[in-house]
Each structure stands twice: as structure tokens, then as C-alpha cells.
């Protein structure tokens, strides 16, 4: 080969030297790179060695899984009594719902969860999804309440456990979302009257704890009704949750509205689109996409907040737990029951936060810059 | 850039845009001062001037993106006030192209173009799609119809923006520094489209720094500074014999490099 | 010359007129709805014989409060009960905010650590505590503190003179004497002196380029002045030390398990959110800043102080303030574990007097005031620290 041709030939790619890739180099980089890192690693390893085995002993090896009270008492603090879960799980999951009819809340919750999961997939975002929601919601109420189709009626005071949690969160958010969009738009309106009303609503609700909103719903709503009307406590609490979530969602949506470049609205205006057309076709699709992570965070927050209805004596998942473990025989093993319920919440909330990350990546495909 | 014949406005036609003693303030700041301007149908006008002189504000008043507080402004025979019906009517006749393109990123190119005709012009989808494809062909970008705006280059996006404004078959086209946000190699493709438009008889008002464009296409060049019209003339006169000191100053800065 | 007044036209086609109509409509609807609710409420209250008015605040409360900063017995007024509740809320909120900030910042930094173990543990912590409702966490801590700790006659002694049991934590506390006032005065003087020191040091730095340490000497000055003040006051050193007898522990300062539950539960929960905020703030400072600082030869400490912290704080402060507010609002859950905070006292009052509207409105007023104050301080800080843009 002539010198010129040799000079023009490109260098082919080669593999990296062996001491930068592989397990040992990874360990060196991540755990032992300098003295501070090494010290940290050693401390953490020491703590793990000290506390992990006893924890595992307690939770797994010495644990009693059978619903056997005597065995649990015998094992005392040496091992976890998961038997309490085996014994009480129906009370925890379904509250005071009549024992024989518990297939109904089970079916109702499963339908709801199925629908929610289905709504998460892009492929299903069609017109008939709205129809599906209507059908499933109706089915939910029919199953829970009974009184038709030969199902024995069960009053709302006996609804509890997981179905209650799911119902309060889902209906709460479904109703809060449109309300929050309107309030957010109203807050950005140029009309001072409307803007003030929206600001007052949002700041009032956000400035007080949820518990006081629930107390207000519980104690004050009956006073607001015309004489002689009674309103179901479940409905009251649901309205309280809707109003509360809508205020927080409104702030999130407002953040998205603010982040939209002004030029978009100008372009729509110059094309002759009316205010509501602009909002529907240009502003909302973009703004909502911008704040998807924050919206999902609010959803997760509302799901957790439903646990507060325990304090106004509605037996959702957390409340049913209190109820189940009021039994003095099993009182000592409250912790295992609580961990069981905590695990349920954790699974749902964690799944929702993973979904939120996925949807954020997915929705921004069309808007990501080249 | 091809030269095109300048057409003098027909004197007997009523002006399609008429500013009479128009004034505008932003708070205490007097941004448009006693603007008197008449634009004839089919006339092509280039407005230039230093930044902050009010040129963008002036053309934004024409489609009511900005409101003037004093004086009368008539567009296509309709007087602009806060009368909503009048504003609606005018926006159907006036198309605008922005410096930042302002395409809708969540819609495809085709959807960007058909949005207004379908929702404002009440045109059925099939016809809107056809019209949109026609405009896209005119700006030579028909093959990108199903792409999203952010997948296109700046020059392509601006051409789509022009096509979007044209879909409503406006009588007047406003351009607010259409090439200022573009990389140099893409300016030509946009200017070529604008020149083609100019040759079709649409009234054009263009705020721009592209003096070559002004020279070859404009019927009239207007120089604005500090909210008022300082000088206006045909391009040849304007560039070779500027009358005011300020104009001379500005031209020396702009034409220097 | 200013703009001439806008002309207003009475026509549906005028934008201003339409806006006016919409607003009037909205206000009318809201006022009408409000009037309807008030009307119903008054009617219902009359029918049920519920009294109204805030005069009940002067009446004796008739219930005891299990813990408070000052003496309270059942003969004191409802108003004093409310104040006690408020003080309990603030007590747990202030300490909680401090602890949560420290712990949350550490975990947040841990999330960004290069060490894989620390990073994973921090992530696990954040995920575990964020995805479980705070009420449930409070229940769990309450159970642990009241079931797994020994009874008071077998209290644990982790440090000498500090006792930990089912009945809470008991610790030595100095007996308040006049000499302590001198010490407080000394601290105030010390703070002023330290501030002067920092100003002088800065002036010197700008004039000569020699940097004088500011933080440690400042702390030393405050400490020295505090000690001088203490000595001047007669060096009071009497401590009330808890002592273990056969059946109980007597003396010393004490905090109840309810207080500890709310404190620990809220601290750990809020810290997980603060960790995310701190992490976000640090990550928000573009990597290019770090590169530029290194290229200029700034040391790690300098870079953190001059470049990283000011920019990160700007991003961190607004959301962290709302977390502080959340912690304060979450302290209202204390009613579920029996800690006598504001909401708890209000609920008892409500049950005893039946005055739902007054009781709930007082609580909402208190929280709204706290939220408003915090928002005002936040806005002030925000405006001062905005990065000036064109």
C-alpha cells in the first residue's frame, strides 16, 4: 500500500481495555472509588449485617403464616404473625360488608381496577372508552348497593375496605379533573370577577388540611340542605374529596397553562379561533401534556388521602384495619396487619408513579425536539 | 432573487387598510404615535426600523392582536373596535406569519393547516384536506404533510406557517420578521415563497430586515422609529436618496455588513 | 401623555360588555348559592335547637388536655383550650420541619451519591415512605411506640438520665432561672457581633483578596457571648433530672408517645418529599455550571457555596415551603393518635358544644393564617432572588 493510501484508511473500532468494564471495575467505581466512598460502603455494609438477619428472622424464618392464635402468641416477638392477615383479610379488604355477599365488592373492585388499567393503554383511547366507564361505574354501584337483579340491598354504611378506597379515589378524581381545568382557566381569565372567585376557592381549600374539609363535609353539609333532606355520609365525603382534589389539580393545570408559549395563543387568534376553540384544540392538549407528572402525583396523593376518611368513621382500607384489629385476641399483632395494608397501598402507588414516568416519555414523542 | 415588476396601486380603489391618527400606549409608554397610513389593494409594503420602534405593534393592530387606543383603523372596509363580530370578520381576511412560526406542535402539518378552515370556516374535512394539500404544494412541502412540526427544519416550519395562513384565503398577509429566527441557509427558501405570493396580487405587509427582498418586491418601503413613520418611499428612492438623518443612520448600520 | 379612557359600548358584540355580563352572572350565581346555603343552615339550626355564636369561647372547657407547654385544667376557657391546641400544633410542626429538612437533605444528597449502596438505600427510603399514606404511618409508629417499648417501670436508658418507655421520653431539663435570661441576652449580643464579623471579613476580602473564615469564628463568638451571659447571670446549673423509682420515672422534661409518634411519623414522611426536592434542585443546576467552575479553578467548597447553592436554592425554596405547609397541615392527623393538637381540641369542643360551624371555622382560620404568612414570606423571597431576565 502506498503511503497516501495508508494515510487515508480509517481506524476500525476496537473493544475497550479489560480494566474499565466488568464487575470488578464497576465495584471499584461505585463503591470504593475514594476514601469517603469506601467509608460509606463499609458503614452501610456493617449496618446491613447487623440488622438485616434479625429482620429476616422475624419476618420470614420464624414467622407464623397459619391463622393460629395460639401459635402466634407462643412465638411472641420472635417472629411475625402473618396469620393475622390470613385470619382477618376479609374484614380488612371488605369492611363490614355482609360475609356471604363479599363476592360482590370483590367483583366490583376488580372491574374498576381493570377499567383503570385499560384506560392507561394508548391503544384504548377511543370514543367507546367513555361508554365503558359509564357501564363499569353503573355496574359498580349496582353490585355494591344491590336492590336490583335479585341482589340483596346493602346500605352504604356497610361499604368498606378496598372497594371504598377505589371508589372514593376514582370518582373523586374523575369529577375533580374537569372542575380543576375550569378553575385553572378561570384563574387566568382577564375578567377580575371570575379570577377572584377562582383564586378564593383555590387558596381557601389549599390553606386548610383535608381533615377540616372532611369535617366540614361531615358536620356542615347536613346543615346546608333544605329542611328534611338527608344526604348520605358517603356522598358528603365524596364531595369533600372532589372539592379538595380539584383545588390542588387546578394549581397543577395552571402551571401548564403558564408554561405554554404565548405565541401559540396568538397564532390561534390570528387564525380566527374563538376562546373555547383555542382552549380545546390548542391550549389544553399542550398544557396538560406538560404537567402529566404533576397530575399523576396529585392522583397518587388523592389515593393516599382517602385513608383520612377513617377519621370521619368511614371504613376504607385503613379504617377497616382498625376495625379488624379491635379484636382483643389479635390486637398484639397489629403491626403485621398494618404492614399488609401498607404493602397494598405501596403496590398501587408505586405502580402509578412508574406509569406516570412511562406516560411522560410516551406523550412527549411528538413534541420532543429533533 | 428574481426581480419582479413593481405595480403602482390603482388610485381609484379604496385603500384596503387605513390608519388615521392611530395611537397606542403600553401603560405610560407611547408606542404608536399618530400613525397615518393607507395601503392599497395588492400593494406590497416593507416596514423597517430599529428594534423597539413599534413596527411589530403596528402590524399586530391590523388583526387586533394588539388594541389601539386612539384613532381609527379600517381593514377591508370594516372599522376595528372591540366589536367581536368585526374582529371575527377581519381575522378571516388577514393572515399572519410570526417570527417564531408558532406552529401547533401536537398536530401534524396537515392538521395544523386544516384546523382553522374546519373550525372557523366550517369547511368539511375532505375539502379542507384538499385545500391544505394545495397550499402545501404551493410552498413546496407537500411530502411533509404527515410529519410533526418539530421534526422539520426551521425553514420548512416557516413555510408550513405561511401555508397555514393561506388556507383561509386571506386578502391581506402580515409578516412579522419571518426570517429573523432562521439559520442563514434557510432564509432563501422562505423568501422565495414570499416573492411568489407577492406576484399573485395579495396585499402584503412585511416587517423585515431583508433589504434585498424589499428592493426587489416592495412597492413601498416605510421606515419607523420611536413609534412614528419617519419616511416612506419607493424602494429605489428610499435606498438611494434617504431624506431623514435617522433613515440614513439606520441604513448605514443595516447595509454595512 | 397617558392613554385616553376606553370607550364602553352596550352591545353583545363588544368584548368588554360580554366580559361584564359573564362576571355579573358568575357573582350572582355564587352569591345566590351562598345565600341559599346560609338560609338553609339558619333554618336547620333553629329546628335542631343548635346555638350559634362565638361566646362559648369564654365558657369553661370541662375537659383536660394531656400535654401542653403551659398549665391547663378543665376550668380554663375554651379559648385557652384552642390556644393550647395551637401551641401543640406549632410545637410539633417547628421541630418536625427542622428535623425533616436535615434528614431530607441528607437523603436527597444520598440519592445523588456515587456510592451504589447509599444511592439504592436512599431511593428505597424515598419510595417506601412516599407511597404509603401518612395516616397509616402514624398508626404504625404509634403501635411501635406503645407496644414494643417496655413499660415505665422497666424503661430503657439509652443515655444516662434519659428514659425511653411506653410513656414516652423523659430527659434532663434545666430549671429556668433568671440567669438564663442573661444567657439569652448574651446569645443576642453574640449574633450581632458575629454578623459584624462577617461584614468586616467580607470587606477585607473585597479590599485585599484575603479570605477570612466566617462560619466557625462566628459560631465561636455566639458561644462565647452565651457563656459570658450565663456566667453573668450567676451560672445557674440546676438540672431537673428524671429519676427512676420502683414504679415510675419522676421529674425531668417529658414528651409523650403521642407527640413522638406525630413527630417521627411526619418527619420521616416529609423528609422523603424534601429529599426529592433537594435532588431536583441540585440536578437543575446545569452540568455546564460545574464545568465552568472547574475550568475557572474554583475548589469544591467554593463551587458549592458560590455557584451550586444559590442556583439550587432558587429552585428548592418554593416547593420546600409548600412541604413545610404540608407538614403543618398533616399535623392535624394527630387527632387520630390522641395528640391534643388544634384539630383534636376543636373536635372535642365540637362534640361538647355542638357548635360545628364555629369550631371548624376557627380551625380553618388558624390554618389559613399560617398558610398566608408562609406564602407572603415566600413571595418576598422569590421576588428578591429572581434571576433578572430581559
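Read from first to last, the chains carry the letters A, B and C; within each, the first residue is number 1.
What we mean here is this: a residue touches a chain if its C-beta (ideal position, glycine included) is under 8 Å from a C-beta of that chain, and two chains touch if they have at least 3 such contacts.
This one's a predicted model, so the numbers in the text were calculated from it and none came from an experiment.
What topology does the chain touch graph have (line, ring, star, complete, other)?
Contact map by chain: complete.
More C-beta pairs touching across which pair, A-B or B-C?
A-B
Compute the centre of every chain as the mean of its C-alpha atoms, then state which one is farthest from the centre of chain C.
If we average the C-alpha coordinates per chain, B ends up farthest from chain C.
Give the identifier of the chain nearest to the protein's overall CA centre, each chain being represented by its own CA mean.
A
Cα centroid separation between chain A and chain C, in whole Å?
Distance between chain centres: 25 Å.
Taking each chain's centre as the mean of its CA atoms, how far is chain A from chain B in angstrom?
Distance between chain centres: 50 Å.
Take the average of all CA coordinates in chain B, do the same for chain C, and state the distance between these two points in whole angstrom.
Chain centroid spacing, chain B to chain C, equals 56 Å.
Can you list the residues on chain A that touch chain C in the complex?
29-31, 33, 37, 40-41, 44-45, 77, 190-194, 197, 203-204, 206-212, 215-216, 219-220, 222-227, 300, 304-305, 307-308, 310-311, 318, 321-322, 332, 334-335, 338-339, 341-342, 345-346, 349-350, 353
Can you list the residues on chain A that touch chain B in the complex?
261, 263-264, 266-274, 277, 281-282, 285-286, 289, 366-370
Could you list, by residue number, the parts of chain C that touch chain B in their complex?
1-4, 6-7, 9, 11, 13-16, 18
Help me check something: in the complex, which residues belonging to chain C touch chain A?
Result: residues 19, 22-24, 26-27, 30, 37, 40-41, 43-45, 47, 113-118, 121, 127-128, 130-137, 139-140, 143-144, 147-148, 329-330, 332-333, 335-336, 343, 347, 350, 356-357, 360, 363-364, 367-368, 370-372 of chain C touch chain A.
Considering only the defined contacts, which chain B positions touch chain C in the complex?
Contacts found on chain B: 24-25, 27-28, 30, 69-70, 81-87.
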